[in-house]
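Below is one structure, written out as C-alpha cells, with a few remarks after it.
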Amino acid sequence: MKHLNDKAAHNLTAVRGKKPLIHNITNFVVMNYTANALLAMGASPVMAHAQNEVEDMVSFAGALVLNIGTLTDDWVASMIKAGKRAAEQQIPIILDPVGSGATPLRTNSAKNIIDAARITVIRGNASEILSLRHDKSKTKGVDSIHSVEEAAQTATVLAEELNTTLAITGPVDLVTEGSRVLRVANGHPLMGYVTGTGCTATVVIGAFLAVDDDPVSATATALAYFGLAGEVAGQNASAPGSFMIQMIDALYTITPQDLKKGCKIETAN
Amino acid sequence: MKHLNDKAAHNLTAVRGKKPLIHNITNFVVMNYTANALLAMGASPVMAHAQNEVEDMVSFAGALVLNIGTLTDDWVASMIKAGKRAAEQQIPIILDPVGSGATPLRTNSAKNIIDAARITVIRGNASEILSLRHDKSKTKGVDSIHSVEEAAQTATVLAEELNTTLAITGPVDLVTEGSRVLRVANGHPLMGYVTGTGCTATVVIGAFLAVDDDPVSATATALAYFGLAGEVAGQNASAPGSFMIQMIDALYTITPQDLKKGCKIETAN
Amino acid sequence: MKHLNDKAAHNLTAVRGKKPLIHNITNFVVMNYTANALLAMGASPVMAHAQNEVEDMVSFAGALVLNIGTLTDDWVASMIKAGKRAAEQQIPIILDPVGSGATPLRTNSAKNIIDAARITVIRGNASEILSLRHDKSKTKGVDSIHSVEEAAQTATVLAEELNTTLAITGPVDLVTEGSRVLRVANGHPLMGYVTGTGCTATVVIGAFLAVDDDPVSATATALAYFGLAGEVAGQNASAPGSFMIQMIDALYTITPQDLKKGCKIETAN
C-alpha cells in the first residue's frame, strides 16, 4: 500500500530527526539488545524501573514501553505507576505481554496493567494476545482459530473489547484497532532463533508511536521496517549469532527510500 | 568413544526435534547470551524468577537451570522453590555454583540449594566444585590436588557424597557420578575471554538433560558439543567479540554428523 | 604526550599481566558488554550486588566500579556499603553517575555515594558531571559554558570541590583533578550508537586504576586506549552492530606498541 510505505519512510525520517526518548521498563534478557536497536534506528533509549523514579523519567519520554518478560510484583507496580503518568500526559504506551497465558502471574499482571492505564498498542503472539480476553469475551481461544479470516475477525473483536490497537505477530503480522485490519509480511525465519526479536519489534513500534499519532499506521510501518531489517540481515548472515548483529546493522543502514520500496503492508478487510 | 559420540548426535537431534523448554533462574550478566545459545541449539529458553511464578513455570519445563552468578537471598529463595517443584515432578535440575568458595553468601547459597532439592548435575570449575564439600568431607582441597589422577579420585568421592553428577570444567572437563569418570577434551582458549562461557556450558547440559535420562552421558555429550562449537568458532574468529558471535552460529550449524566425528570424550577410569 | 603514551602502554601491559579483579555494581543494560570488555582487555570482571556480599567481594578487588544506570534504593545501599569498604582498604573506586541531573533519584543517589565514600574518579558526560555540584558551587551550569576554555576551568573548580578526578567524556574527553588538565581526542562517531560505551569507558578506567596509582594518568590513558579501540573498530565496521563486536575485538588485539603510537593525549593547561 503506497501511502503506508510512504508513511513508513516518513516515520523513520522523523525518528532520526527528533531522536525521541523511549522509556523502557522491560525484561533483563533483552535490555541490551533493545537499547541497541533503538540507538541504531536513531531513537534514544532509557531503561529505568525504580518506583521512586519512573514517573519523573516517563514525563520526558516520547513513548513508554512496558514488557513483562522477567516480571515481579515490584516491577509491575512500577509499570502501572509509569503507565498512569504516561496516560495523563498523553504519552503513547506499548505493552508487550511476554508469556501472558503461560502463568497466572503473567496473565494477571498484563490485565492489571491494561486496566490501570490506557494502552495505545499491545504487541504479542497469538496466544499471548488471546490470553488477554475478559471472562465474557466474545472472541475464540487460540485453538479454535483455523483460518486467516477467523484470526482477523477475532483480533478486531478483541481490539474493540480492550479499546486498543493490537499487533499479533508471526510469519505474517496482523494490526487492528477494531475497524481497519492490516497485514505485514516482512520478516525472516532466523528472527525466531534470536531471543527478544518480539520484544525488539515492540520497541521499534514504540519509537514510531513517538512520531506518528495514528497507532495503526505507526505499528504496521514499524513492523514492516523491523521485518525488512530481518530480510536484509538474512542476506548477510545464515546463522543466528551473525544474524542478530546484522539486524542491528540493518536498522541503522535501511533508508526511508528502502522502506518506500520494501514494505509489504496490505489491508486485510 | 564411539557410543558416546553417537549419543551426542542423538541428543542434539532430539533437542532440535522436541525443542524442550528450559527454565532458567540465572544471573543478569549471561541471560541474553544463554537464551541465544539455547535458541541456536534448538531448545526453547524461558527466564523467570518471581517467587510467585517459578513453581508454575518449572512445571512445564524439560529441565531447570539454577545459576547463582548475581544472587541475592530473594533469588536463592526462588531457586529453592523451583528446585523443590522440579524434584517432585522428576524434572532434571542443573546447578551452576558461580563463585562458590569466593564469598560466604555464594558458598552457603549453593549448599542450601543442594540440600533443598535433588540436583541432577552440578557444573563448575575445580575451586567452585570443591567448595561444596561437607565439613567432614573425605576430599582434598583444590590446592592439594597435584595430578589428573588425584582430580578424578577427588571428583568421584565428592559426587558420591553429594549424590549427584559433577562436571568440573577446564581445559579438559571431568564428568562423574561416582563410578564412571569421563573426560571431554573439546574446547578453545578464547572461550576463557568471553563472559559466561561456563554458564552457557551449563544451559547446553540442561537442554541435553531434557532428552537424555543418563546424567553422565547427557553432561559429557553436551560439553563435547559446546567445546566443538568453540573449536569451530576459533576457526572463524581470532578475537573474543567475533568469537562469541561465532560460538552462537556454531551451536546452530553443527550437525549430529559433526558430533559423531568431532567429540573428544574418553573414559578416565 | 610521549610519557603518557608510554604510560598507556605500561598500564595495558600491567593489566594483561596482573589480571586485576574488577568488582562491578552496575546497571542491567551493560553488564554483559562491560564484562566482555574487561575480559577482552585482560582484566577479570565480577558482578555482585547483594548487600550481604559486596563487602566480602570488594575486599579481593583491584578496583570497584559503581554505576547508577538502572538504580534502585537497594542497589545504591549496596554501592555505599561496597564503597565504604573499598575506601577503608585503599581500593580505587570509579563512579559512573548515569543520568544524574535527569531525575532527583539519580542526582541524589550520585551525591550520596560521593558523600559516603572517597571516590577516586567520576566519569560522565558534561551534564551528568555538572549535576554533581553542591548548592553553593562556584561552577557554572552546562548551559552557560560556551568554550573549551570555560569547560576546562569549570572542571578544575568542580574536581577540587568534590576532591576527586573528573573525566568529562565527549568528542574530546577532559580529565582533571583540579590542577592538571588533560584532553583525550581518540574515539569514533559510531561509539554514540552503541549502548553503554560510556559505561564501558568507565570499566576500562577501573582496570587501569588497579595498576596505576595516579588517577589522572590512569584515566587519560584508559580513555585513549578505549577511544583507539573505537578507531580500530571503525576501520572494520560501518554500522553499530558490527562496530560493537569489533570494539571488543580491538580491546583484545590492540598492543602496548599501538598505544605508544596511537594515543592522542594533550595537556590543556
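A few comments on the model shown:
Per-chain residue numbering starts at 1, and chain names A, B and C are given in the order in which the chains are listed.
Assume contacts are C-beta pairs under 8 Å (C-beta built on N, C-alpha and C of every residue); 3 or more make two chains touch, one makes a residue touch a chain.
Computed from a predicted structure; not experimentally measured.
Under half of the residue numbers found at the chain A and chain C interface occur in both copies, marking it as a different-residue contact. When the CA atoms of chain A are superposed on chain B, the rotation angle comes to 120 degrees, reported as a multiple of 5. Work out the mean CA point of chain A and of chain C, and you get 34 Å between them. Multi-chain contact residues of chain A (touching two or more other chains) are listed as 28, 32, 244-245. Interface residues of chain B facing chain A in the complex, by the touch rule stated above, are 28, 31-32, 35-36, 39-40, 45-53, 56-57, 60, 244-250, 252-253.
By the touch criterion given at the top, residues 27-30, 32-33, 69-73, 99, 102-106, 192-196, 238-242, 244-245 of chain B touch chain C in their complex.
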